[in-house]
Amino acid sequence: MSDKKGKPVPLANEGLPPGERGLFCDAPPREYAPAAKIVEDFWNWARSQSLWILGFGTGCGAIELRPLMTSRYDMYRFGIQPRPTPRQSSVFVIGGYASVKTLKRIVRSYEQMMGPKFVVALGSCTINGGMYWDSYNTIKRIDQYIPVDVYIAGCMPRPEALLAGFQELKRIIRAGKAEGQNLYARDFERYKANQKRVIKDWNMPDYNW
Amino acid sequence: MRELADMLSGRYGAREWHDQRKDLSSVTVDASKLRDVLTWLRDEAGYAHLAFATAVDEIERKVFRLTYTVHNYGTAHGILVHCEIDRDRPVMESIHRLWGQAWTYQREMREWYGIDFPGSPRVDEEFVLEGWEGPPMMRRDFDSLAYSDATYAERPGRETRDPAAYMKEKLYPEADA
Amino acid sequence: METGILVRVGYALVSLFVITNYGLLLIGSMARISAKVQGRVGQPVWQPYIDIVKSTAKRNSIGHGVMFYLGPVFRLAGGVGTYMFIPAVYGSVLFRNFSDSGDLLLVMYFIFFGQLGMALGASEGGHPYSAIGVSRGLAQMTAFEVPFALSVIAVAIQYRTLDITAIVAAQQGGFWNWTVATNPLAVAAALIAFLGMSMHNPFSIVIAPQEIPIGPPTEYQSNLLGMLQTNRAIFNGAKLVLYMNLYFGGATDVVTMVVKTFLIYFINVFVGQAFPRFRVDQSIRFFLGVPTLIGIASVIIAAI
Amino acid sequence: MSRPKTPYVAPEERAVPDLDSGKYLVMWQGPNHPGITGNMSLRLVIEGDSVVDCETHVGYLHRGFEKLMERRLWMQNFPLVCRIAVPEPDFNEYCYAAALEELAGIEVPDKAVWLRTLSLEMIRLASFLMWIGGQAGAFGHGTIAQWSVTMRDYVLDLFEELSGGRIYHMYIIPGGVRADVPPGFLRHVLETMTVVEQNLKDIELVMFHNAVMKMRAVGLGYIPPDWVDRYGITGPNARAAGFKRDLRKDRGYLAYPRLSFEPVVGAESDAFERARLRLAEMFQGIDLIRQIVDFLPSEGPFRERLPNPLHWKIPAGETYVAAECTRGEYGFYVVSDGGDKPRRVAVRGPSYTHAVSVMERLVRGVNIADVAGLMVSLHTYPPEIER
């Protein structure tokens, strides 16, 4: 916030002051080839059975995560549990509409997550803007900015729908199709361009993990 | 209520007293007298609770109409105090010393309508928006849909219809014929 | 003492393998018991295994310097070291570990060695929550150290030795020889310290998700996190075995060990589900109050 | 137990700490933080373990409701308003509907009045159940959150039966309510109330007779009584400071004048007192729901006929309708210029004062461990700040 009024912050990490260079990565993300078939299958099974959700309630969909965590729907049964830090979590649940201000945090949190990472987007508003199609502050398609694995439609999706969505995510992971991290690395330029088009005061480094 | 209305008009030249309900009235004062009126209402008349403050864009008359809502818990009566300021030079006196929460409302009006409140804390900081480059977005001449279409990518396949025409077409197709 | 050193190393590895699995299953089953208190079904018992495999299977990982990598290594070394110098099952060759080489003071040193190593590593991560978590952890550690140390002193005075095997040997022969029967005050002080040591509520101030999510391990990810999770299982097992040996008469076979340690760990869950979390100053004040007095009393009783 | 009070900091005296001195640490709490309610962030300046300065940053959930409403027909706005405050959408619906009825001069049938009251009381209970889980969770007691959120789910089941929606009910529409009670519904309400009451007693036992909880919450976030008017504090936060202010009594809207209840008033004004007061209000809410079920007329219309909503024009005018929600005074200020769309709709959420100005003052001198608990004890909800 403080550097907003001052000089424009250089975008690429080469321009960072020397003191801050060490805080950020200085290489663009790269794609990771999957391991040998049988190993990767086993790992994918483990990944699908241990989904750690980043505890970041980005929108009103977060209110249905509470019942999901608690005893009525109990997502722990399926190996899903919340995790407060992006470094350790593997699933990012976009809880509905994302305002531009939140999108900035979403991008940052997403990039800080360790791969393979998965994104579940809740609600109609992440798919095509939903109810806020003419709002000046909410984006309409979240998949323009980060890769999305599963959409759960509804306003808002019920906990049962969320559970079904997570089962679908597990199926995708086990089939080895949830390669959001590699997609992001492959189309890094495009995603960054999209993000910068929307986030007008881009005051963070490009590689911020 | 009558005597309060008389008192306000006598002391501060308030006008257009209107009783909307038995527990809600509205009154209009000059912008230069607003702080005095609010101070008097707060300290002398028992209207100690500021419920909210907001602005309405009267683009046709080229003014912003500000509304300060004060409430008296003793008599369970609220007053909407209005004042009007020029839309082209929107500057208003700050009341952040009267109520501890007033500065947030003023910050909001500064960002949403572009009304300046000199001296109000953090009034020039962004409030809910970040990196906003367009005009103050709650003004009537800001078109939200055009901005949204120009800025945010849309997923193809979404159609927007006029509800009246669509209903007519779907439910009463014979009405046209 | 006639077994060769290589055979003993092999035995120790087997013993380590057993305690790792036992620790993981213990964590899993305790999570399930907590879930029952909360009216849930809870995660599968084998969930900790999957979590570790998943953490290890992460594709990329971020480092913050040499110390950052060494943090989990120190932690794991602390866990393994603690376990290696405790006889897990009294009289068993397989589960003897290296208990004849060190004594109680060495084990106590290892318990805190891991914490200190983690403190160095986590601070390197640069996250403010890590730093706060580390300072909280060290502060609380010094606090619960006092009743625990007093209790250990009482035990040492009582049995006139610091050798864990000798302490276990002295407690054989029925319930009335256990420390819990001969010096209950020492056990009380030690169990309260144990609550702090295992960081369940109300002493979960180090990882406190609602306050400093989640303390020292905030920046740890991927295989480093997997290492921390493995250590958690070993370290828990080691502490439980130590407590069993010191206060509950040790175990002569694996089944007794499992039953006793399970019940000791159960106290944690029992307390943890019923209380909120202390603030850090309240926690320190708590440990330096009644538990310390109990510890002093136990030393006096043991001395006279 | 003695109650130490947090030191009083005069509101205007905001000493800006010298960040370059190296004595302080700037820490962001939120938006990605489990200890924050909703999606907002606090910029804390801490010295050692205590907070020296705090700035709130809101706007992560700004959707521009008030602008969108100006672009939609009066009736099209109706599905929009409930989305402003997610845990208790019914207060939005009621305030908006009541403002429209007042401007358009529509009388609501008696049965609709009772059903509206029932809906508001049920959502009040649900919201409080969510809150008590959050309050216990903020102090690290996850068990209570597990119990109470499930109880809330049972109340949401009732809403599903009544309106078809779990979170967003869109039940209170201008002119009345959207549907009559389904058969057997009232029996389900009473059964659920029995279950919830039983569970609340358990929660009271575990949470309010808990030594550690008392150590944490007693004396935390003391609001001096003279702040109440100065900062526009309303609802349970004001009542815990000793003010007998409850819009249900003061304004006497809906069926509340016909129900027998007394506002719960506290005195100590700290986090523990506020929690206890809200618990008492939950028991009171259960009692009110039972009264409403008793009084609910079985016959009669539940909705007034409205003009064609696509061409509905409302006469020019302005009004401000407030209701007592769980957090305090919830109000809608509606201005009509005589057209088919509103000229201006402004929402007054109680969190506007509680989460921004009051929070910034109260948090000074508080241990960082208590920031989350303090924030939850004010019962704030960000979407109604930024809309």
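Every chain is named by a letter (A, B, C and D) in the order it is written, and numbering of its residues begins at 1.
By definition in this document, a contact is a pair of C-beta atoms (placed from the backbone, for glycine too) under 8 Å apart; a residue touches a chain by one contact, two chains touch by 3 or more.
Computed from a prediction, not measured in an experiment: that's the story for all the values here.
Novice: If you tally the C-beta contacts for A-C and for B-D, which one comes out higher?
Specialist: Between A-C and B-D, the larger count of C-beta pairs in contact belongs to B-D.
Novice: From the C-alpha centres, identify the chain that is farthest from chain B.
Specialist: It is C whose centre lies farthest from that of chain B.
Novice: So the centre of each chain is just the mean of its C-alpha atoms; given that, what is the distance between chain A and chain C in Å?
Specialist: Centres of chain A and chain C (C-alpha means) sit 36 Å apart.
Novice: Need the CA-centroid distance for the pair chain B / chain C, whole Å please.
Specialist: Chain centres of chain B and chain C, defined by C-alpha means, are spaced 61 Å apart.
Novice: In whole angstrom, what separates the CA-based centres of chain B and chain D?
Specialist: Spacing between the chain centres: roughly 22 Å.
Novice: Using mean CA coordinates as chain centres, what's the chain C-chain D distance in Å?
Specialist: It comes to 44 Å between the two C-alpha centres.
Novice: List, in ascending order, every residue of chain A touching at least 2 other chains.
Specialist: Those would be 55, 70-71, 84, 101, 134-138.
Novice: Which residue numbers or ranges of chain D touch two or more of the other chains?
Specialist: Answer for chain D, listing residues that touch two or more other chains: 33-34, 59, 62, 64, 67-68, 71, 146-147, 150.
Novice: What are the residues of chain C that contact at least two other chains?
Specialist: Correct list: 38-40, 209, 213.
Novice: Strictly by the criterion at the top, what is the full list of touching chain pairs?
Specialist: Touch list across chains, by label: A-B, A-C, A-D, B-D, C-D.
Novice: Please name which positions on chain B make contact with chain A in the complex.
Specialist: 128-134, 137, 142, 144-145, 147-148, 151-155, 157-158, 160
Novice: So in the complex, the part of chain D that touches chain C is made up of which residues?
Specialist: For chain D paired with chain C, touching residues are 25, 27, 33-35, 49, 136-143, 146-147, 150, 206, 210, 212-213, 215-216, 367-373.
Novice: Could you pull out which chain A residues touch chain B in their complex?
Specialist: Result: residues 100-101, 104, 127-129, 133-141, 144, 194, 197-202 of chain A touch chain B.
Novice: Flag every residue of chain A that touches chain D in the complex, lowest number first.
Specialist: Those in contact with chain D are residues 1, 54-60, 62-64, 66-67, 69-72, 82, 84, 86, 97, 99, 101-102, 105, 109, 131-132, 134-138, 155-156, 158.
Novice: Would you mind writing out the residues of chain D in touch with chain A in their complex?
Specialist: 31-34, 38-39, 43, 57, 59-64, 67-68, 71, 79-80, 83, 86-87, 130, 133, 145-147, 149-150, 152-153, 166-168, 383
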